[in-house]
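Chain IDs A, B, C and D follow the sequence of writing; residue 1 opens each chain.
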Amino acid sequence: MSAAHREDKLAEEKVFKDPVHKYIYVQDQLIWQLINTREFQRLRRIRQLGTSYLTFHGAEHSRFSHSLGVYEITRKIISQFERGGYTDWPKEEKLVALCAALLHDVGHGPFSHSIEDVFDSHHEEWTCRILLGNTEINAVLREFDPSYPERIAAVICKTYHQPIVVSLVSSQMDADRMDYLLRDAYFTGVNYGTFDLERILRVLRPHQGRIVVKESGMHAVEDYLMSRYQMYWQVYFHPVTRSSEIILRQIFRRAKELFGSDYQFQSLMKPIRMLLEGTMDIEGYLNLDEALVQTAFAQWAHEPDPVLSDLCRRFLNRKLYKYVTMDHPDEKLWQEIREQLQKIGLHPDYHLEIDFPYDMPYDVYRPGSTSAAGKEEKPPILLLSSDERLSEISSRSDIIRSITGIHQGKYHLYYPEEPLRESAHRLPAKLRELFALM
Amino acid sequence: MSAAHREDKLAEEKVFKDPVHKYIYVQDQLIWQLINTREFQRLRRIRQLGTSYLTFHGAEHSRFSHSLGVYEITRKIISQFERGGYTDWPKEEKLVALCAALLHDVGHGPFSHSIEDVFDSHHEEWTCRILLGNTEINAVLREFDPSYPERIAAVICKTYHQPIVVSLVSSQMDADRMDYLLRDAYFTGVNYGTFDLERILRVLRPHQGRIVVKESGMHAVEDYLMSRYQMYWQVYFHPVTRSSEIILRQIFRRAKELFGSDYQFQSLMKPIRMLLEGTMDIEGYLNLDEALVQTAFAQWAHEPDPVLSDLCRRFLNRKLYKYVTMDHPDEKLWQEIREQLQKIGLHPDYHLEIDFPYDMPYDVYRPGSTSAAGKEEKPPILLLSSDERLSEISSRSDIIRSITGIHQGKYHLYYPEEPLRESAHRLPAKLRELFALM
Amino acid sequence: MSAAHREDKLAEEKVFKDPVHKYIYVQDQLIWQLINTREFQRLRRIRQLGTSYLTFHGAEHSRFSHSLGVYEITRKIISQFERGGYTDWPKEEKLVALCAALLHDVGHGPFSHSIEDVFDSHHEEWTCRILLGNTEINAVLREFDPSYPERIAAVICKTYHQPIVVSLVSSQMDADRMDYLLRDAYFTGVNYGTFDLERILRVLRPHQGRIVVKESGMHAVEDYLMSRYQMYWQVYFHPVTRSSEIILRQIFRRAKELFGSDYQFQSLMKPIRMLLEGTMDIEGYLNLDEALVQTAFAQWAHEPDPVLSDLCRRFLNRKLYKYVTMDHPDEKLWQEIREQLQKIGLHPDYHLEIDFPYDMPYDVYRPGSTSAAGKEEKPPILLLSSDERLSEISSRSDIIRSITGIHQGKYHLYYPEEPLRESAHRLPAKLRELFALM
Amino acid sequence: MSAAHREDKLAEEKVFKDPVHKYIYVQDQLIWQLINTREFQRLRRIRQLGTSYLTFHGAEHSRFSHSLGVYEITRKIISQFERGGYTDWPKEEKLVALCAALLHDVGHGPFSHSIEDVFDSHHEEWTCRILLGNTEINAVLREFDPSYPERIAAVICKTYHQPIVVSLVSSQMDADRMDYLLRDAYFTGVNYGTFDLERILRVLRPHQGRIVVKESGMHAVEDYLMSRYQMYWQVYFHPVTRSSEIILRQIFRRAKELFGSDYQFQSLMKPIRMLLEGTMDIEGYLNLDEALVQTAFAQWAHEPDPVLSDLCRRFLNRKLYKYVTMDHPDEKLWQEIREQLQKIGLHPDYHLEIDFPYDMPYDVYRPGSTSAAGKEEKPPILLLSSDERLSEISSRSDIIRSITGIHQGKYHLYYPEEPLRESAHRLPAKLRELFALM
């Protein structure tokens, strides 16, 4: 009977050496088995930070290590809740929470954001397909408890009946964010992304279905949110990383366009074909790792289509687009730029992109944001006073209020430098100035 | 005239954020151009520690970051020599030394040691081919100074006329080793590999064509060599890493064997074909990165040959061979093991390997080792007393003497666990005991 | 001739091992001699953080180590200015700047803020007396260059004719603040006080008599100011530290009062007597270190005056006052509290203190604050754009604007807990509630 | 009834911020009360490393912080034993072990080794007097359980009936040594003293009345012992620290000699008088902290006896003795040196000292050392194999064997430099050479 399994502990605790948490401790047979599935091992071949390694050469860490880290932080939070004996924490949910923490990113594909943009795919959806489909993960979970695949999928989709379990892995201050901030700071080598994890863990409390912060921990939360703020502007929104993401997206857009036309690819590996056709299945998706994508680009660097081959060579050899900073261009200027570029033989759809870093699926902190469906996407961070009153943190902290929904006003215009420089004499003075070609 | 170029400094110093050295400073136009060549950028797709990431999940750092680190340490050593005004340092060699430091690993292929073993290839040779062949690196160097490609190749091949430049990048305590110890420790997360780099740099002195250590720095060298000792036994020789290297080598051996027979591969990407045929050229070699090798394995996981596909799946899904520790098996026992494995359907050439970690191209410290050709491969570490006498360090330090040529006496026998476990009843008791199948 | 001395370098660079900067490098004979004077060595017996060690047990570091640190940061900044070849940096001022950095705190007495409050003494004044008086420091400086004592005093008093030298050691982002933030964070063990020093140093520029920040360094300054913000609220204003400072101040106030009356002290060491009499001279001041003050307290713990002996025992045995948080008490409530405490035998002047942490000689950041005398005390931090325009940083950064002049609205009321608890039944309900004695 | 008290937990866990262990957790009422006694608070006024702060300016940390650290490591080890469920660990001894860990150094006086040498006092003895005498610590322990003072004293004196409790705080790899290595490394700033505490803790096992190490932890122990080795030679035996200890010892010897003669001290604070008279009692001992000793020296710097005042000024102003390295001097040379020094007006008993660093109460590692009384002082470190066999670690590790009982062959001769330099012309050539006065 599976219920008995729930107590299954490993005879001997397993540890992983981890640079961020020193050690990651695995005590449950189930967690150990999940880590050893091929779907989880695949995360070793997906970088946590996509193309950021082209800006910060240390940032080659994988989603595998991040997933273990989220698991470990979740384990520590729950262990603190258990030691504190808080009645608002549902003890029987521990293993569900640990599984959800471990598996929350299992559906991530290579360079997720770019691919998701172009192919309208969603990693959360793939996570659920992997949890519920014909996979090793599904088999391990089902054998342990037939209800587990659905329960864990529910936690990840935020529909689980115990909202406190959801908030462990998905809130403004969840194990996911805590791990990635520390891990990304460690591997990029920036030290402005570090905060005192142990201090944060000490002030978290389970409270009426959510995780809140002891009032005395307000400065610890400020410190954590400032780390996020610094990481977003210094690392995640770094213009060089943005440039590489633009190239990546253009490659996929160009390949999709060519595939939709009568162009014959010289090389087209199966998972890439499925992606372009829109016939992707789980097996194909699991093969679509970053090694394969990079190998496809290396092949496409020799495709006859000059736009595609140029973009691929740029990506592989890191000849990225340059950028200039500008105010929001009006439609007229925009058209003029496009026309002039076309005149000198460029392809504005692929050789020009305007970027406003705020348009990213991140925000430092946003209290009480509500999705279109009327449900709070990421509930705000709440402080719990000694007399059990709750208050939203930005109402208490000037610092946090000042970074709430912060954004910068400048746009970046990305473009390939060499062709513009070569044809500079054929551009009007205004554009030569804009592109600093004087 | 190219000589004038030698003074070419960048208008503004460039920096790379580096987790190990905090920042890497580039001041010379030449270094900046070399970093931006496609051959150097390719190093981003070669991991510094090969398969170690399967043991230490943080160890995903590339040879690109290591190469920058070796450059930076070399820059710091030379800068200390210049500040000290030591006449034994040939100032005019600075840029040659920096280039050699930066480029010393540029010929490394994917999972070098395994491929080199099976295909008898040598990364040093490829480094020279890349330096001297038709490459961006060669063009950049030649434009700067026509003699540079040969000079830098000479430094890397240890034939350069200024031995002190050679010893900067290739000795028992060179910039290469210092960087990889610190870097590998950082990314694996083990802290026993760290030593005090600043302290070591302060005690290095140029002296009669070699780099020696001020006598008062003896304990600093002890500390450095102890770090190496710990890293070798804890990281580089880790039995799980060894297991993954064995699998890797078996994959290549099997592919080579199949290729030599009349087997028809369903997939065979071009650079792999060239490797198997022995027709590899520079272009093919540059495409042979770890992404491509992993993608090839993913394709081979579906090859009809059961040995090859099993090995590839093992590698990708990290179902590695287990191992048992044993004394050196005599020929008779060895034959018996092989026969018994064959009886239960295994292929002893691929499913069994004995490993003695000492058989690795590493040694913690070996004073005055002499190669077959009669020339010292890695000269010993020398201490310089205040009255200018030199002494070999292991003659002075008990600790260092104790780790000189140290090795462990045990052998590891690697094998696939599941088939043995399934057929355990068909094995003789002696082997059941050996493989802990009781 | 003294001018010749200015080139005097040590034959061999000296280093101090320092936990914060790893090593502190001394290259000038003059600096080395200054460090070895008895007045500078005395700083070993003055703690950098006064009574903070009673809250953070690691905070036992001395002003000696801080002074070396300020010197080292100044040395690094100047060295960066020299490497950059900026014409706005007056090269001939290097040694003056280094001396001023080293000696800026040499006039600090034990537990400075408390003593200065009670005896209206000023450490800056003592610094000048030590620089200009009959001291080893004065002798060393004069021998090097007769103008040095006055010049260095002028830098420290902010009247020096080269304002950029003043701003190195005394501005909103000077070497003093940078060192104490990092050092205090290190020794208390809080990691929210760390910022990336190397990153800050890289963006500083000399510009028209002041030190400004390259525009691209804005986030680095944000990070630095956030560190300050965290350190102020978590460390410097810590209520337990405040409590110990209150006790300390009360001890001095009581001793002063008793000394002014006809009370006969049983023990009164000479420097303490001079302090109470107001006859302090340099010799006495140099003897007034924290060892002596603590020894005096140990003697006074046996004085017949119960108020003094109780306060001294509290300080030595760390039986500090407790505190409650309250809104600003009106005069009426305040009188009532005092009266009620008097009724139960307490001495409101010594057993009660209201504290508003904002009343401290610190502020996180205040742009363009102007002293009464109409001159800017600490000029604001300015950003320098690539086209050489300057802008005040809080006009550019939301974060910095939000912490500018920030303060908390709560008051703390400090009192001895035991006597109140014992006499709780004799207090009105309102006070029992206020002091949480229910 | 006191037995009930044993379960007394604090309502809310208390934490101390600690730079070495991040946080120190106090869960028991008893531990909290012990920390708040005046005898324990006194440890704030005793430096952990005596005079080392004169060599390493960061080393100002107190025995208070070290004692908390030993407590915390002990707590962690026991907690690991409890989680592992090892039957060889006597659970009921937890609190006794924690108290012993916390209090093991409570009898330390100022600059212990020097004072103990000169006055033949022993800090262990004072620890027992404080535990068993009329002190706050005794009262707190007795109230908790009348048997506690004796039991804890027995643990510290190594006579406790449960040897495993003794070995937690007193063995070759106990909580005491682990904390001081890490702490001293942190505060001096040397990073060669760090080892991976978490890794060591994971391999400790309770086994038949002792604490042993899992065989797989051998390299972790090597790493720990190498840290000790480095700390001993780089920090604890540092010749500058030795010089300051010599001065200190000479001060006490001179004071004792003067006190025994008819010399009249101008200042003699009570605890110092008791020390010189040999009438020290607990109250006096508790007042004898480093603040008082330093204040006494400041007074003695003005004593008419020139030897005493000179030595005190040297100590306070850090004008230490210089040293030369030499082979062991024979009696004849020794006499000659003494005579010559006397001729130029020096006092050989106070102005000359030969030092052989090995003569210190430390050794890096010594297996199975046996005291005169025939009982093992510090039992060796034992490895526990998976089949439960024990082996002494130096029989297994070449490295450890090489540092066992290691010592250096050189002697250091300490002397005041200035008078010798001034009278150099009056010394024979041989001595001028010896003292490098040529």
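Throughout what follows, a contact is a pair of C-beta atoms (placed from the backbone, for glycine too) under 8 Å apart; a residue touches a chain by one contact, two chains touch by 3 or more.
Just so it is clear, the model here is predicted, and its values are computed rather than measured.
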item	value
Of all other chains, the one whose Cα centre sits farthest from chain D	A
A-C or B-C - the one linked by more C-beta pairs in contact	A-C
Distance between chain centroids, defined by C-alpha means - chain C, chain D (Å)	32
Chain centre separation in whole Å, for chain C relative to chain B (CA means)	51
Distance between the centres, which are taken as Cα means, of chain C and chain A, whole angstrom	44
In chain D, residues with contacts to at least two other chains	22, 190
Chain D to chain C touching residues, read off their complex	16-20, 22, 36, 38, 41, 44-45, 53-54, 56-58, 60-62, 64-65, 68, 186-190, 269, 287, 289-292, 294-295, 298, 316-319
Touching residues on chain B, where the partner in the complex is chain C	15, 22-23, 198, 202
Chain D to chain B touching residues, read off their complex	190-192, 194-196, 219, 222-223, 226, 229-230, 233-234, 398-399, 401-403, 406
